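All chains are identified by letter, namely A, B, C and D, in their written order; residue positions are counted from 1 within each chain.
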Amino acid sequence: MSELIQFREYSKVELIDWMPRADAVPKDRVAQAARVSSGTEGHASERANTGLLKMLQRDRHGSPFEHVVFTWRVETPIFVAREFMRHRIASYNETSGRYRELEPLFYMPPRSRKLVQKGKPGAYEFEQGTDEQYEIVREHHEASAACAWHDYQAMLNAGIAREVARNVLPLSIFTSFYVTMNFRAFQNFASLRWAHPAAEVPTFPLYEIQQVCVGMESDVDELCSEMWDNFNNEGRRPV
Amino acid sequence: MSELIQFREYSKVELIDWMPRADAVPKDRVAQAARVSSGTEGHASERANTGLLKMLQRDRHGSPFEHVVFTWRVETPIFVAREFMRHRIASYNETSGRYRELEPLFYMPPRSRKLVQKGKPGAYEFEQGTDEQYEIVREHHEASAACAWHDYQAMLNAGIAREVARNVLPLSIFTSFYVTMNFRAFQNFASLRWAHPAAEVPTFPLYEIQQVCVGMESDVDELCSEMWDNFNNEGRRPV
Amino acid sequence: MSELIQFREYSKVELIDWMPRADAVPKDRVAQAARVSSGTEGHASERANTGLLKMLQRDRHGSPFEHVVFTWRVETPIFVAREFMRHRIASYNETSGRYRELEPLFYMPPRSRKLVQKGKPGAYEFEQGTDEQYEIVREHHEASAACAWHDYQAMLNAGIAREVARNVLPLSIFTSFYVTMNFRAFQNFASLRWAHPAAEVPTFPLYEIQQVCVGMESDVDELCSEMWDNFNNEGRRPV
Amino acid sequence: MSELIQFREYSKVELIDWMPRADAVPKDRVAQAARVSSGTEGHASERANTGLLKMLQRDRHGSPFEHVVFTWRVETPIFVAREFMRHRIASYNETSGRYRELEPLFYMPPRSRKLVQKGKPGAYEFEQGTDEQYEIVREHHEASAACAWHDYQAMLNAGIAREVARNVLPLSIFTSFYVTMNFRAFQNFASLRWAHPAAEVPTFPLYEIQQVCVGMESDVDELCSEMWDNFNNEGRRPV
């Protein structure tokens, strides 16, 4: 196997920026926007805002949450990026296999990744694989990455355009993207992409996108802990 | 006429917040997001970014501009808010006539507002009205505001709900809203809402929404002057 | 009061068109689109589709519902149109007070409309008004419509542009619009705009927009009765 | 190489359904929706509508075009689907590598596909490859497909879940999806995804997505020829 090829067992999520910044913390901006409806922008207090935010989450007054916006940079395999970008209320820019030669970084499932699926569509359960099964997964992830990378390089060396040569690369190759998403859209994302015990409606996300979601939630929880508690306390139902 | 009633000849636009803030100016964030596609995030320079931004605007690479986001607070008559909120790639919270008693603040066209329409749909031209015509406009804006406000108050005093009483208020009454909109969506807004000499495609906006657009563009130009020059130089064609 | 002025106590909702039409009923198109994910497009049966549709609604698999699309023509007062058009996942075209002279048709609350509001924001309750209160509502709706229409006509007769003269018209004047909305977006609309006994999450819609929603639901129920039952049975939670 | 593996040199585009159907052809529905603004719904004629539609396209009155909606079923390689689904004003359902075992159908560039890229980002040009280069492309597309399919099957045979095994499959494997998109969103798609001689603003689409776009345009042109002529005559600038 090529010396160059590397494997990574996890995605990276980096918070790049967020709004509001000027003179408000996120929960106060949400409260401020909500208060324009009742003409009480000047009457905010810590305690009153806490109650208001609970009510907004509980009664599905979703629009004030849209004024809080995050930008992340995500490094993840293409099969995760494909699922992620189905979320349309967001802005994306991603590494292009047309504009650059891709890097030989591939995803390898970690040993803790459940490998065996039971049940039928809509009600799958997953079980830990045996050591033998995990070895098979490792072996074939390595073999196919090596094979694909060889074919990719051979075409590039023959002067073939990157956008043709990349066709042979596997879904496990890493890509990078920026995503900007508001707090309301993120509630929807989180409600679907983490099989969280607090969730009222069950969801069956792919393990690898759940890992990305966990990373994003960690940032959201740090910046907006009170609002994130409200989300969890209301059964992770998107507002 | 009621002592309480007030008229205002203009809208107010206040920039509340924007993104990016953490460690980037807007143009550098756009360049950063764009560079992920070619793997050149680390190769940015002032000069290289300037060229990149021109190319992005010229060739309609719109998505990187979406990571720059603004929040404004706008005070404007309802007939302007109605047009504004047809722009769907944005987030809004507005004063509610259900949740609060509205204030007796009404729009009065300024003397400089052209009053007389010539031509046919799709090709209107406007001309300055005579002093007599302007007096007629003033008189009837005052009379109808006084009449409507009297009816509104009479119903409120009789214990009628605000959401019923407000039906009688005119489109000229002021409302307030927060709007969060990204730089790309704002290009579309500006392309339609200002009959600007640099525009390639003619547009015929309402005078009063153009005034709001002028105020917003002033903020955008201050924060993103280079990108805004590019927009104007490319004929104000939204990217 | 002018002979011309008319009042109407209700909105009109007319279904103009819908999709699918070619060779599928709505539920079969939803099932067909959903089945592409599991490669079972060819294995549909009446019974299997019924189970599939229940599962899609219950587990929030929302995207297949987006391939069912409706177009309505709505006649309603401006204060209702304002709320309606806050729903952004939809397409609108509306009567313009710039492009035409409006018609003297105004909304009058019907006797059955509850007039008195109790409680505080987020938890309002409404009670029937007395006959005296209803008379006050009638009187002031009539007076303000007459007053506004007089001012509007006086300005038009003086050669003032329609787009200036219309400022004085009240929120109760009727407007007409076309709206195209998919089945998933309509679930969200219905979940917020009808205080329906089957709703899990309480909502407090304006009486007049609920009437519009009731009309639209009647069409949806007729065309998609099985799917609409599923929506109601799952607590009217938008998918 | 496995007997099972198949290659296909083209994508398939099948028009499944469209709206309007009830009692209007597409251009008449667009005109009808546009006419609500001027109160001339009853005054339509073939000739008047023709002029109106030209004006709508020319002056960027885009919203009436949104009431015309198409559903297609597309079979295309994953690397094309990835680009396609960046178009967010649309509805998608796609084959899932989690819910089904994928089929061994892979993309092979046709001989006519230009293989050699000259120039730099933003201004690429492509040239026909030599016979030798094309042989190299064929050989490595075949080799990598065989290698990946072998690894995929080996994992499946060892009881590994489909959603893990599929990681090794290449971007060239075919996927299928339903897409529902309105006429306005399709104008944007077409403006970016076909390097068409009538285009005012140059675009540099991937060859394979242009082939998909050509297929879709053929359907749109058949159903909406007059509107499609207007789009082309106005420089393929999205409305």
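By our rule, a residue touches a chain if its C-beta (ideal position, glycine included) is under 8 Å from a C-beta of that chain, and two chains touch if they have at least 3 such contacts.
All figures in this text were calculated on a predicted structure; none of them were measured in a lab.
Asker: Between A-B and A-C, which chain pair is linked by the larger number of C-beta contacts?
Answerer: Pair with the higher count of C-beta contacts: A-B.
Asker: Which listed pair, A-D, B-C or A-B, shares over half of the residue-numbered contact pairs seen at C-D?
Answerer: Equivalent chain pair to C-D in A-D, B-C or A-B: A-B.
Asker: Taking the mean of the CA coordinates per chain, how far is chain B from chain C in Å?
Answerer: 26
Asker: Using mean CA coordinates as chain centres, what's the chain A-chain C distance in Å?
Answerer: Between these chains, centre-to-centre, one finds 35 Å.
Asker: Could you tell me the distance, in whole angstrom, between the mean C-alpha positions of chain A and chain B?
Answerer: The answer is 33 Å.
Asker: Residue numbers in chain A touching 2 or more other chains?
Answerer: Touching at least two other chains: 38, 63, 86, 92, 99, 121.
Asker: Touching chain A in the complex: which residues of chain C?
Answerer: Contacts found on chain C: 38, 55, 58-60, 63, 86, 121-122, 191-192, 201-204, 237.
Asker: Which positions of chain C touch chain B when the two form their complex?
Answerer: Checking each residue of chain C against chain B gives 77-79, 82, 85-86, 88, 92, 97-99, 107, 109, 113-117, 121, 126, 129, 132-133, 136-137, 140-141, 143-145, 147-148, 151-152, 154-155, 158-172, 206.
Asker: Flag every residue of chain B that touches chain A in the complex, lowest number first.
Answerer: My answer: residues 16-22, 24, 29, 32-34, 36-40, 63-64, 66-67, 69, 71, 73, 91-96, 99-101, 103, 176-178, 180, 182.
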